[in-house]
Amino acid sequence: MTEGPVRTEAALIEQDRVTDWWSTAVSRVRPGEILLRGYPVEQLIGHVTFAEQIWLMLRGELPTPLQGKLLEAALVSAVDHGPQAPSIAAARMAATCGVGLNSAVATGAGLLGDTHGGAGQQCMEILERIVAGAEPRAVVAEFRERKAYVPGFGHRFHPHDPRRDPLLALVREAVEAGEVPGRALAAGLALEAALAEGRARPVPMNIDGATAIVYAELGFPAELGRGLFILSRSVGILAHAWEEHGSGTRIKGPLPRPLLAGYHGVAPRDLERARRMG
Amino acid sequence: MTEGPVRTEAALIEQDRVTDWWSTAVSRVRPGEILLRGYPVEQLIGHVTFAEQIWLMLRGELPTPLQGKLLEAALVSAVDHGPQAPSIAAARMAATCGVGLNSAVATGAGLLGDTHGGAGQQCMEILERIVAGAEPRAVVAEFRERKAYVPGFGHRFHPHDPRRDPLLALVREAVEAGEVPGRALAAGLALEAALAEGRARPVPMNIDGATAIVYAELGFPAELGRGLFILSRSVGILAHAWEEHGSGTRIKGPLPRPLLAGYHGVAPRDLERARRMG
Amino acid sequence: MTEGPVRTEAALIEQDRVTDWWSTAVSRVRPGEILLRGYPVEQLIGHVTFAEQIWLMLRGELPTPLQGKLLEAALVSAVDHGPQAPSIAAARMAATCGVGLNSAVATGAGLLGDTHGGAGQQCMEILERIVAGAEPRAVVAEFRERKAYVPGFGHRFHPHDPRRDPLLALVREAVEAGEVPGRALAAGLALEAALAEGRARPVPMNIDGATAIVYAELGFPAELGRGLFILSRSVGILAHAWEEHGSGTRIKGPLPRPLLAGYHGVAPRDLERARRMG
Amino acid sequence: MTEGPVRTEAALIEQDRVTDWWSTAVSRVRPGEILLRGYPVEQLIGHVTFAEQIWLMLRGELPTPLQGKLLEAALVSAVDHGPQAPSIAAARMAATCGVGLNSAVATGAGLLGDTHGGAGQQCMEILERIVAGAEPRAVVAEFRERKAYVPGFGHRFHPHDPRRDPLLALVREAVEAGEVPGRALAAGLALEAALAEGRARPVPMNIDGATAIVYAELGFPAELGRGLFILSRSVGILAHAWEEHGSGTRIKGPLPRPLLAGYHGVAPRDLERARRMG
């Protein structure tokens, strides 16, 4: 099909319809030019950090240096939680199945759903409510009534999450420097205090709560907090997939030989007999 | 953007360019009409089996009833191999992570790569060589020299694969009925015999070899044999994902409490100290 | 690590903990044996249809022949809807990116989420409500108030879905044969009638509604109806991925040359200047 | 199953077998402790950049500050190439299908296969050959004979890739500072020169070639260069998925209304008639 010299207004309308369908504000790519949120990519290379670039792509503007560092700290904090995590284990298994490294990473990222990666987003939504006026004790009572965990607090694993304190310290610094409002931090601490009331053992803030505070202070919407967790955890997913890929193991299942998966189904039966019986 | 009455030849050329880009011979979908390989879908519903429909979509024509039954038997044979298989285990884990059932199925299918699902395709390629004149003993020698397994034979798990005999019996019936040529069957049996020569323990044909013979006899290209294995195994993947989804387990990793993943990395170290040392 | 002769009760307890963690009722796989829902796989090969095998794996028992045929018809009906569907388009693109056929299928299945594959499940949930006593007109009013479509009815594409009538005819036959209760069918028809009341143009049942009725009549839970849609649509996904794979196109994007994606972001700007300004 | 006080040596052996199966050198996660390549995570938060953390997780040691900045520049350079890229387009479509943001990111990453993301890795392998002594002109002749593109050079899109010069400038600085050997840079430039010989139009280095040089100079294995491209491109994938998610579009296919996918298959035909004919 030749392009032809006839480019009528209707032809341009038809073409526009399709290119509009795939229009974006994130980037403009033309022969010889790549604009990322309006900036030529060659101006960004070597002049912004990877965390600043992430912010730019998601938010449309560059952060201040201190905001960039706070984002960076949160991204660093959540990169890995070991092979107990299904996202990591699944990626490790994928890396032994003869699929590309990209597929192993995709496998891991695909497991970061509402229950395995959603707590940060859910916590951000709760912080929003408290910043908007909700009473922390009331929120705690609400969850206690539903017999549900408050996302961002407690941990199936760590009595005290080692990532909480350094992240909150960085948030405090940013508040003192006037770079972030400090309201999400106050909300999170109030929630932590309300959770501790009348309990022998506290219910400390965990990584989801700490990063929720960071991302909320930095102005990210709750669902984008989930996206940032995905970028962060992809680093650990890649590292583990790479390590397993180099192990030489083939078709790695969850159990090593000679262990076999258990069975709790019906007793062995015969098809013909079952069909005769009805 | 209004469609307008101006539809010049150039406009149609522009539109054609895009719709051509997404053109297919598999189906035609227009308001009120769905043609699958030329047949109106309403004619197929209730008049073809699911296996016959699969054949139609992939090959463009319907199979004979006996060809359809042979395909059906192969699809039935490979649906599952238990949670030891990484495709099954990963799908089970995904089902506990708060992603949809479709994502759990996609996770499992994503692991059916060259090493965990590719043996059938690789075996079909070997059968093609033998049907084209390659000497089975030479092929065996080739693999022995590379210290590699011949795909389709032996098994990490089954001394005798219970799926081999019923599948080969069905192929023999089809050969006797004149429905399939019988050449891939002969090639596969010759390969099995060549593998057994001079060995105390035979190297019996496994599911990949048996289904390779079936798909080759039915005229499927090797890579499409892999596609059929994926459709088949997706059934087991779905069944396992569904079962795990109903278990109530959340964020299922590979190890049950209180087991922890092992560690064989560097000893704990201090960042400041490491930086001071250089 | 040697297996050793010491197998104390505690050792067996430890091993049991892990194999229990991966226990299933779907299948039992031991050297030389594969039981699928209790039946040796070699008894099933050649003796059950693929649709009957799907039912067995998901439900734990075999269907009657007529139930199997009804399931088969529903599976056949939903295999494809052409490259306009994102699940199909994404799989076609994947097939040109140098990933395996399994990854292309996984890509397509991964897009069958709540909005692109969830309508059948949502419709089944509505049918359950009506069978349990909810008044169809009230349900319709509920959706009208939310300005939402009733899942399973109307269609963005077909004024009359060609798959509705043959599927409902088969359900009626099964009702008359006493094989299915007929309550979901009555509920679906009542809903369709209620939707038509007081409207110039009817809001006919579409494929999601028709298959919802089939799966509900056959006793499948709503979410498993989604799983069955995934198995069905995977056939079309595979067929399209296979076709595109054979096209020779590399790295197929959504737009053919020379069309470019549109841009509606900020005007081109300079990084240094932006930083100087503050 | 109770844990019980009996923990014999055999019990520990059984447990060890499983935890060894999931052992890693990347991280150690114990209650209250997270070591990443030996460093407590709380020491890393706020003290390393995200790029340095990526290096640490993949390589096991921290980079020098200059090495970290060079990695950072390469990661920034490849974040996006617009919706023409299938990885971006597929992720945008996924974001409208009612799957989580993580699934949209996984969809995009899943398309970064050998042909859409593999060129950097393939170019690194060629640079290794030249550094090891292969003659650039011979390599060029090899590819010309196979009528194949030399990965890393030329571009389907950019006559001059705007990312080449800033990346190579940063490599030169690092060479002059004695931080990287400079051999991969020399190899890449020699290859570019050899490609230009006797041609009217040069075949300039593109992003895959430039980042290949960076990653090779930094000592990353070729396949890990692919992994780094995946981490980088995931940022653009997330940004585009997020934008599309916010657009309100549902079930976005490749074509806007009223365009339909083309059809080049068999003419419409009748099933009964086809079956009667044989």
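Labels for the chains are A, B, C and D, by order of writing; each one numbers its residues from 1.
Heads up, the rule we're going with is that a residue touches a chain if its C-beta (ideal position, glycine included) is under 8 Å from a C-beta of that chain, and two chains touch if they have at least 3 such contacts.
Quantities reported herein were computed from a predicted structural model and do not represent experimental measurements.
Chemist: Just grab the chain with the largest centre-to-centre distance to chain A, centres being mean Cα coordinates.
Modeler: B
Chemist: Which chain pair shares more contacting C-beta pairs: A-D, or C-D?
Modeler: Spelling it out, more C-beta pairs touch across A-D than across the other pair.
Chemist: If I superpose chain A onto chain B using their CA atoms, what angle of rotation comes out, to the nearest 5 degrees?
Modeler: When the C-alpha atoms are superposed, chain A turns by 180 degrees onto chain B.
Chemist: Could you state the distance in Å from the CA-based centre of chain C to that of chain D?
Modeler: Inter-chain centre distance comes to 31 Å.
Chemist: Using mean CA coordinates as chain centres, what's the chain A-chain C distance in Å?
Modeler: So the centroids are 26 Å from each other.
Chemist: From the C-alpha centre of chain A to that of chain D, how far is it in Å?
Modeler: 19
Chemist: In chain C, which residues are in touch with two or more of the other chains?
Modeler: 15-18, 20-29, 40, 44, 48, 82-84, 89, 98-100, 102-103, 106-107, 110-114, 117-118, 254-255, 259-261
Chemist: So in the complex, the part of chain C that touches chain A is made up of which residues?
Modeler: Within the complex, chain C contacts chain A at residues 3, 15-16, 18-30, 35, 37-40, 43-44, 47-48, 60, 62, 98-100, 102-103, 110, 254-255, 258-272, 274-275.
Chemist: Give the list of chain C residues in touch with chain D in this complex.
Modeler: Residues 1, 4, 6-11, 13-18, 20, 82-87, 89-90, 93-94, 96-99, 103, 106-107, 110-118, 156, 250-255, 260-261 of chain C touch chain D in their complex.
Chemist: Which residues of chain C touch chain B in their complex?
Modeler: Chain C residues touching chain B: 17-18, 20-29, 31-34, 36, 40-42, 44-46, 48-51, 53-54, 57-58, 69, 72-73, 75-77, 79-84, 89, 100-103, 105-107, 109-114, 117-118, 157-160, 162-163, 165-167, 169-170, 223-224, 226-227, 230-231, 234-236, 238-243, 245, 255-256, 259.
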